[in-house]
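What follows is chain A paired twice: with chain B in the first complex and chain C in the second.
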Partner chain A sequence: MNKQHGYLNLSEQKQQKKLNLQSWILTAPAMLWLTFFFLVPYLIVIIYSFLTPDIYDIRFEFSLESYRQIFSGTYLRPFLISFRMAFLTTILCLLLAYPVAYFIARSKEKTRNTLLVFIIIPFWTNLIIRIFSWRIFLATNGVLNDILMQFGLISAPLQIMRTDLAVGLVMVYVYLPYMILPLYSVIEKIDFTLLNAAMDLGANEVKAFFRVTLPLSVTGIFAGSILVFIPALGAYLITQLVGNQKSLYIGQVITYKIKNIPRNWPMASALSLTLLLIVTLLLVGAYLLWLHNKKRKF
Partner chain B sequence: MEDIRIEHLSKDFGGFTAVDDVSLEIRSGELFSFLGPSGCGKTTLLRMIAGFEIPKTGRILIGNQDITELPPYQRQVNTIFQNYSLFPHMTLFDNVAFGLRIKRTAKMEIIEKVRYMLSLVKMEDQSSKYPDQISGGQKQRIAIARALINDPKVLLLDEPLAALDLKLRQHMLIELMNIHDAVGITFIYVTHDQGEAMSISDRVAVMSRGQIIQQGPPDDIYERPTSIFSAYFIGETNLISGEVTGIEDEYVQVKCDNGAGEFFEIDSTFHFHPNIGQKLTLSLRPEKIAVSRFKPRHQDDINILRGVIEDILYLGSHTQYIVRVGKLKFRVFSQHKRVYFDEKALDWEESVWLFWHDTDTWLIAEEVDENGRNQDFSTEAPYHRALKRSSPGSE
Partner chain C sequence: MRAAKLYKSMNLSIFTLVMIFLYIPILILIIFSFNDAKIIVGWRGFTLKYYAQLFQNETIKQAFWNTMLIAGLSTLISTAIGILTALGLENKSFSGRRGLMALIYTPLVIPDILMGVSLALLFNFTRVNTGMITVLIAHITFCISYTIIVVQSRLEGFDYSLVEAAMDLGAKPSAIFWKIKFPLMMPGIIAAALLAFTLSIDDFIITFFTSGRGFDTLPIYVEGTIRRGTITTINSLSTLMIGATLLLVVLTKRIRGSLFNL
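This part shows the complex of A and B:
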């Protein structure tokens, strides 16, 4: 009646205002929390990255020295080995997780839940404890070497601990569930009669997989890769506890800048921000790619 | 020709027999239907022909080739799945092109063939859309194009119209027949809807509990059912138990117990040789019975019964009367044709005459169970209202 197309009448406007107020009140605690414990600290980090280091603390003098060093390539190596490791971890996780997720998604409803619990069980143990058990397992006189020697497969113990191999192994172990779960949730939703349809149209099992199942699980692959790649990129605990000190990862470098005297807060801040920037650019790039593919659709 | 022969095909699911010793011959170019209630094994039979299930025993042959053990992708058979199963990540064009791309057909040929197929199913202007952007009927068309582009010898359709609404269903049914005429290959059509099967098929196989009960052209199955099941499942019918008392030329006399201790006699034609004293069942289609308040002129080849109207149900194209004769109840359909019956409308509790031609009674050499029930269905009187509804405002 008095409601015109595209406009809200008076009572509706009031209602809208009320709704707005309600949503403000409801989201306020979360907003405050994020402002004080996320936004403000980040601002501090950004400010710090433009200041001058002191032995223990900082001096409030503007300086671009940290960024100059970063962009002149001083820290290229830790960045590169971190990216390489994160990349390899992601690929390995994907290759290992896909069959597992597929198997779980295709098993009976009851078994599925049991299997999922097995995937989640490791989360119940503290990460540090799990890494330490890997140390015991991989050590020169550790479980793995004992077993291999027992069976006469090797004559002298293998030096796995404190190598990049150890870092890789533990990374894959720690981040594997983050790949399995998103993959599972996507594969589980695939209508498997589509595979029947593909085979009906002449595709054998392999072709049906590559033309139907795999394309339909792309969002899961994407989500899982992000969930693995980003934490693997900044990993500190794993690299510190099983890696060697000669090839430092970026997480370790940042920590040392704060831990070791003379401290260099600005450098640590600048390195963190650079890492953040790279990750953000990667994500935005990936998102744009995804949008582009989606646009074809609409 | 590439006829399909199915020989003694059986399939078990953990001890449960879904398809039980089915033998069939389907002629090349035929539109053949499997018709039966849900769960009778139609889909399982179809999936064995498509290659998704391997039978326990029996063989499937196309022409002279035994395809029983071939994987689906090596059979020249394509399927329209119950929910169409279009690939959601591909455009309609890519969906239709799927089979050709698998075969690595040349690009130009693909474009040409896909165009032709899309025009065959009248979807040529939508080829760049995705499956979730089109309607059920359109998905159906794409599924047909996607299957036919592979030049199959046989097209299998599993309840292809079940998901569509009534008008669209009728429309697609005609369209399917046109497509069948255009491509000239064998169609095997699965449905639980007898109307669909009747109107589309060259021949129908009626299935129940994994077995084929009867096969033949639709009118044959409707007019001359060989079992209580086909008589009951296809269309509506009145089933009356009786005993043969006499045989005379092409007619038999059957004595029927009306349940109230009285007997009446019905004449019937027959398709097998009954013996005097044999117990059997009569099938009488409701639309073959005439109902009138005036006694018809006596004729030798007409059956006449007297009964009382127990229910009247107006159904638009016709009216259904439930007429009680003794304790038996007859369902009668009467079309609204004033040219024939220029009389005042029949009313509840009115005493009427039922009459029909002897040749419209059909004899089935099976007995209804003692309590009037078979496992699959009941031959009890059709459900009806107990009392006349008073029309508001008329009192």
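This part shows the complex of A and C:
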């Protein structure tokens, strides 16, 4: 009996080893690909950040100039502008997305799917086209100004294009579905009998919302905020196409240092690493906050 | 109960406003693609001439085929890698699982621009000429995380009793895979492929960093045209692209499911 048991274990172990090897083989393409084209490039970014810029290329001479400039605050402004915009976009998206997600989640199951498709269509439309359509809408001689002047609401066209207001509008527009979808998927799973129970026990609508619905949708709020905040922080296309060229966002600064002549690849590398560090700290912070929240609840 | 009604009507009105917000710019764009004016000032009558110009423009045609080539190839390769990886990750006690999962999820939470910069520097460091191949590599890199996760989420809810039943009935492992597992994975695979295709067509910033002069995709072409200010054909081009998106959404109800599993 004992012997047989030991034998079985051995064959099980063998089986395990075989399965493990099989997994290594199956996942090898992804591992190699992500190592060579995702991890290694970052190593090169780190190396380049310590080199000397050249007008067209890079010189392999050690230099700390890029970091000196970052620590002396030369690039503080683009970071602050980007941060402020990403933060405002996230808050606005949350405020708009929550009622929308709630409305969809609480409508009839059949209508739900149709409503979701309507949210997703713009999401699947090409980004640059969506930004371009806002340019037509907001331009000084654009549709919005045309309509407002026709109705005599304004006498001179409003200058909205190439302002932070335009950037904010387009960012909310572009990133809103990223907030609606995760919120919807958590709100949909909420057991609404809990809400009824709370109200039977004397809580009013407002109290029931803040004590029951909102805490239960925290995961969605976290997921949505990360999905909006991070791309908004590094956005290039939106800021480039509708933003004010006098106050550059960090995505623009990095892109210009790589693309425009005189090039400064060490500076672009150092700025990229700073952005990466900020994003990492934010994610770790969000994760700790989420853990804390989870612990408190149970 | 009155409060409940008030809530519901508030939600409905915000929903309606958001819908208007989401669709107004797109509708205006579509309408103005038929506008007979060089610049966008008011309505100057219906025309199809910008659509005609679109089909005569060699640069746009070239950009279109470049986009399709890159999207097609990166979809094919990233979906294949996605299938293999998802199958490998099925084994929960796989010793490389944690490391690989981190490697898969990290690109998703880092701004796109950083992947663009890092790949641009990689191709500079290795002195590779930028062009079609570098763009393809870049697109596969940002697609595989998504394809792996979508296919994997399909396998997560997999009903293994079917496989066990087939085994009990004496089916060969290869037959079990091709006759049972693969067909059941198919919706996930299609969803992954569609997602990869859309991501590839949509991408501007990573392509911008990895394509050299002379290899334009549609988003790169559109951006360049907007910058130069010659935008007459962009309206009609955009309208056609929106039409293609709608077709894609209508054709596949699967997209929705895959999106939530992300």
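Just so it is clear, the second predicted complex is superposed on the first by the 284 of 298 C-alpha atoms of A that agree within 3 Å, B and C clash if a C-alpha of one lies under 4 Å from a C-alpha of the other, contacts with A are read in each partner's own complex, and residues count from 1 in each chain.
Following the convention adopted for this analysis, a contact is a pair of C-beta atoms (placed from the backbone, for glycine too) under 8 Å apart; a residue touches a chain by one contact, two chains touch by 3 or more.
Because the structure is predicted, anything quoted here is derived from the model rather than measured.
Here chain B and chain C are compared by how many residues of chain A each touches, and C touches more. By the touch criterion defined above, A:Y48 lies against chain C but remains apart from chain B after alignment on the C-alpha atoms of chain A. Touch criterion met: A:T255 reaches chain C, while chain B stays clear of it.
By the touch criterion stated above, A:V212 is placed in contact with chain B alone, chain C being left untouched.
Of the two partner chains placed by superposition, only chain B is touched by A:A197; chain C is not. Shared contact residues on chain A (touching chain B in one structure, chain C in the other): 204.
If you check the complex, the residues on chain A that touch chain B are 191, 193-194, 196-204, 207, 211-212, 215-216, 297. Residues 50-52, 71-73, 77-79, 81, 83, 85-89, 98-99, 102-103, 130, 146-147, 150 of chain B are the ones that touch chain A when the two sit in their complex.
Residues of chain C touching chain A in their complex: 3-4, 7-8, 10-12, 14-15, 18-19, 21-26, 28-29, 32, 39-42, 81-82, 84-85, 87-91, 93-97, 100, 103-104, 106-107, 109-115, 117-122, 124-125, 137-138, 140-141, 144, 148, 198, 201-202, 204-205, 208-209, 218-219, 222-223, 226, 231, 234-235, 238, 241-242, 245-246, 248-249, 255-256, 259-260.
Chain A meets chain C in the complex at residues 16, 19-20, 22-27, 29-31, 33-35, 37-42, 44-45, 47-48, 57-58, 96, 99-100, 102-104, 106, 113, 115-122, 124-130, 132-137, 139, 141-143, 146, 173, 176, 181, 185, 204-206, 226, 230-231, 233-237, 241, 251, 254-255, 258-259, 265, 268-269, 272, 275-276, 279, 283.
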